[in-house]
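Notes follow the structure.
Chain lettering (A, B, C and D) follows the sequence in which the chains are written, and residue indices restart at 1 in each chain.
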Amino acid sequence: MKLRTVGYYFRETFRSVRHHSWMTVAAIITVAISLFILGIFSLAVVNANQVATGLVSELEIAAFLRVDTPPEVVAQVGDAIRRVPGVQEAILVPKEEGLQQLAAQFGEQHDLLQALGGVNPLPDYYRVKAVAPDRVESIARSIERINYVESVNYGRDVVGRLLEVAAWVQWLGMAAVVMLAVAAVALVANTIRLAVMTRAREIAIMKYVGATNWFIRWPFFLQGLFLGLVGAGVAVVCLYWGYNWVIARMQLALPFLPLVTGQEIVLQLVGLLVLLGMVVGSLGSLISVRRFLQV
Amino acid sequence: MIQFYNVTKIYPTGVYALRDCTAGIEKGEFVFLVGPSGAGKSTFLRLIFREELATRGQVLVGGRSVSRLRPREVPLLRRQIGVVFQDFRLLEDRTVYENVAFAMQVLERPSKEIRQRVPRVLQMVGLAARANIYPQHLSGGEQQRVAIARAIINTPPILVADEPTGNLDPDTAWDILQLLLEINKGGTTVIIATHNREIVDRLQRRVIALGQGRILRDEAKGVYRREA
Amino acid sequence: MKLRTVGYYFRETFRSVRHHSWMTVAAIITVAISLFILGIFSLAVVNANQVATGLVSELEIAAFLRVDTPPEVVAQVGDAIRRVPGVQEAILVPKEEGLQQLAAQFGEQHDLLQALGGVNPLPDYYRVKAVAPDRVESIARSIERINYVESVNYGRDVVGRLLEVAAWVQWLGMAAVVMLAVAAVALVANTIRLAVMTRAREIAIMKYVGATNWFIRWPFFLQGLFLGLVGAGVAVVCLYWGYNWVIARMQLALPFLPLVTGQEIVLQLVGLLVLLGMVVGSLGSLISVRRFLQV
Amino acid sequence: MIQFYNVTKIYPTGVYALRDCTAGIEKGEFVFLVGPSGAGKSTFLRLIFREELATRGQVLVGGRSVSRLRPREVPLLRRQIGVVFQDFRLLEDRTVYENVAFAMQVLERPSKEIRQRVPRVLQMVGLAARANIYPQHLSGGEQQRVAIARAIINTPPILVADEPTGNLDPDTAWDILQLLLEINKGGTTVIIATHNREIVDRLQRRVIALGQGRILRDEAKGVYRREA
């Protein structure tokens, strides 16, 4: 391959893109739409996972101490809890605070302590956080065995359910993203094949005039690369804008939701999409051309 | 240069286009291939540049069997052969200039050479004024002349022309024939399938007459005539 | 238009589908993938809405009565509450039950009533359900004004948040479905246009031979209808199977999630998708042909 | 039947294909259109069946200006005119039979009539044996004859043939010409653009000679000759 031929490949790619502008536009539209949908969906899945995990990780274990626990032992029990593997933090809620919380539930006008005859019947307890939601159950069982711990409460049901839901969200999300990626590749490959098919006659003529397969392939490869790049570019620009717009609005409206705002993940996704577009575009062209080179 | 040994061509449609044809064409010859419509002239030519493969028998070009070429050798064979197709086969998305230049680009010739030679050849076929027009915007005869220009641009060792004057008026046809004779003088083997009685009779060159796929006649100084 | 010409249209459609099998397959693939994605997404959105609404509707208002409410008045208050517009039900939780619940929180080994010196300091309260989650706040305010109601507690934060999240889920879901529908139409129209473009020469020839526009259009229309129908058929069959498969599994694993299982909604969606496929296929063909009829 | 009044055709490429041409062709005439390659013969014919519109001047067919037809009248005009295109324009996804039958289907003729007439016309052009073959699998001359069959199948009032014998051997060409004369005897106005000197000279019919877009000669019993 001579250098001037490389020049020819690029000029030819440019000429072809311009001349078959209809095909070019059609292919770019398909790439852009496919990758845009794939991107949006990926971001939705990442966010759903994050929200689900966030919800689960807000769950806490309440470890109630015996009512007769001597005050000097309370801190030791706390240390014992913190030594349980998987515990992230353990915060003491003294019985006075517990009573206040209880009173708040019933309405504030109402002096519960007085109603109780000045005796606080509640125990001290520790609010314990786990490093990961799936550790909650084993941690609870370990804490139960510590001296002076009367009982442990961790919303067995809720944790279980949330964990299960989170697992399904993750699983289904992954499946959907993989499926969408396959669909995007199929759609793009399909369109490119149609576009190449319309040039079957041209490819045959080139072969009869003595062109080698690679002489014909290179411009198609470059064109596919170009289509993929432009299509993916359109997709990621829309995606980036659209996502930031929606996320900004959602963060204002729902500040408590742990949405994915880190630019890195978006940029990573952008990179992946552009790569995918280029690979599918160029390889799709090459593979589509193959069939028509057999003359 | 070109040998046919007992060549039979049966198309997938079941049509016998050539039956047991044997013929040899030497380097530098100028041959007319004649015969009625559907006789197998185009098929004969297609076998030479390997658009089709013989069903039985052997076609040798430059001493090598075209059916035994490896895929990567096929383009090398075709670069030895300039072809004027009966249906022209011009690239619709390229101008006249680009169509002709393409045959040189395939050979990776220097751009400078291309820029010099293409206008010269377009001049020879009388299309200098049409260089930047797309084939769809040419008259039938103009398209045919583009096809001729593309076939001769590389002065190939073999030139195969299928009905190269079918869409040309007698004068232009004669001019084109002079051009082909000129190229033949330079050593190129020329094979022309034609119905142009006037030209065949006037030039008195070798004539191979086909009829229903068989070689009916092969004369060194032949004329166009009705076969029995 | 003569009857025999109608026969020609159908034969021609069949011939064309068979002869341009490559185009046909490509168009069917595009329709199938596009509508499948649209369908899956629609079902996902419907489910997300249902789950979100389900969560919100589980929220209750607790209306605490004054500790000194005479026992004969308690039922009257209940009636008053039930008369508040938007209240679905109001269930009395007597103070004894309240104490038991409280005790359960602290662990059962522990006799709270005894610790309290035999006096139950808790008030009676009503658990009130609203007919719709967005009524909760106004209901709470109405109940507060009823005599003998000491205070009302309805997790102001949680209700608000859930409502907002549910609204966003609904909003984003709708937006996504509309966007996907547009994308599906664009992808299908794009492919059909490419397929029709490859037959531009043929269409011109027909016109030169004296065919009227509708003589040329009908087979294209029928072919588009066929493509849309078959593509949509493939999509909905996959969708129906896939959805039932996933839903069956999820219901086993997450029986508490209020998933959409009603066949009607799925069948409705199926109907819509098939309709969309047919409309886009046939109209897409018609519109694509238009451009090439101007000869 | 057909009148050209000061017709000038300039293509979008800027080429002057016809310049100020005026001519009239009566019902039942048999006219040869001759002239060198690129003279404007095909353009002349295209203006008649409204493939192209005149840039200036008027073309009347059957007394009506083709440029003033409403879109829905254009098919009606074209059904009056059988056309043999220089580049054949066969439908690639239909067999020979279907290509020819199509011209009758367009007119919504009864299937029975189609089934009877198509084989008869294929027989006339010598293609009875090729009825179920696709055009890509035919020789150049066979394709040309399919185009002729399609043009004559409806025995239209006007028949326009662009180079109908360019790919045919002299004998077949002569047979086809006999066929066209036959049709002409039935009252059809026939206009043939051709380079076939032999045929033009032998038939001695009206000849309109074009050169560089101008009508150079219009003789009632003309021959093919080189214009000054």
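Here, a residue touches a chain if its C-beta (ideal position, glycine included) is under 8 Å from a C-beta of that chain, and two chains touch if they have at least 3 such contacts.
Everything quoted here is computed from the prediction, not taken from an experiment.
Asks: Show which chains lie in contact with chain B and also with chain C.
Replies: The common neighbours are A, D.
Asks: Can you name the chain that lies farthest from chain B, using the mean of each chain's Cα atoms as its centre?
Replies: With centres defined by C-alpha atoms, farthest from chain B sits C.
Asks: Centroid from C-alpha atoms only, then distance chain A to chain C, rounded to Å. What do you get?
Replies: Taking the mean C-alpha position of each chain, the two centres sit 22 Å apart.
Asks: How far is the middle of chain A from the middle of chain B, if each middle is the mean of its Cα atoms, in Å?
Replies: Distance between chain centres, rounded to whole Å: 63 Å.
Asks: Could you work out how far the Cα centre of chain A sits from that of chain D, in whole Å?
Replies: The computed centroid separation for chain A versus chain D comes out at 67 Å.
Asks: Roughly how far is chain B from chain D, going centre to centre by Cα mean, in whole Å?
Replies: 28
Asks: Could you draw the chains as nodes, link the ones that touch, and say if you get a line, ring, star, complete or other?
Replies: Chain contacts: single closed ring, each chain with exactly two partners.
Asks: Per the touch rule above, enumerate the chain pairs that touch, sorted by label.
Replies: Result for touching pairs of chains: A-B, A-C, B-D, C-D.
Asks: Name, in rising order, each residue of chain C that touches chain A in their complex.
Replies: Its residues touching chain A are 22-23, 26, 29-30, 33-34, 36-37, 40, 44, 62, 64, 67, 102, 105-110, 112, 115-117, 119, 121-123, 150-153, 161, 164-165, 168, 172, 176, 180, 183, 186-187, 190-191, 193-195, 197-198, 246, 250, 253-254, 256-257.
Asks: If we count contacts the way the header does, which residues on chain D are in touch with chain B in the complex?
Replies: Touching chain B: residues 11, 13, 15, 34-38, 41-42, 86-87, 133, 137-142, 144-145, 162-163, 166-173, 195, 197-198, 224, 226 of chain D.
Asks: Per the contact definition, I'd like the list of chain D residues that touch chain C in the complex.
Replies: So the residues of chain D touching chain C come out as 49, 51, 71-72, 74-76, 78-79, 81, 83, 85, 89-94, 102-103, 105-108, 110-111, 150.
Asks: Chain B touches which residues of chain A in the complex?
Replies: 1-2, 4-5, 7-8, 15-16, 19-20, 201-202, 205-213, 215, 295
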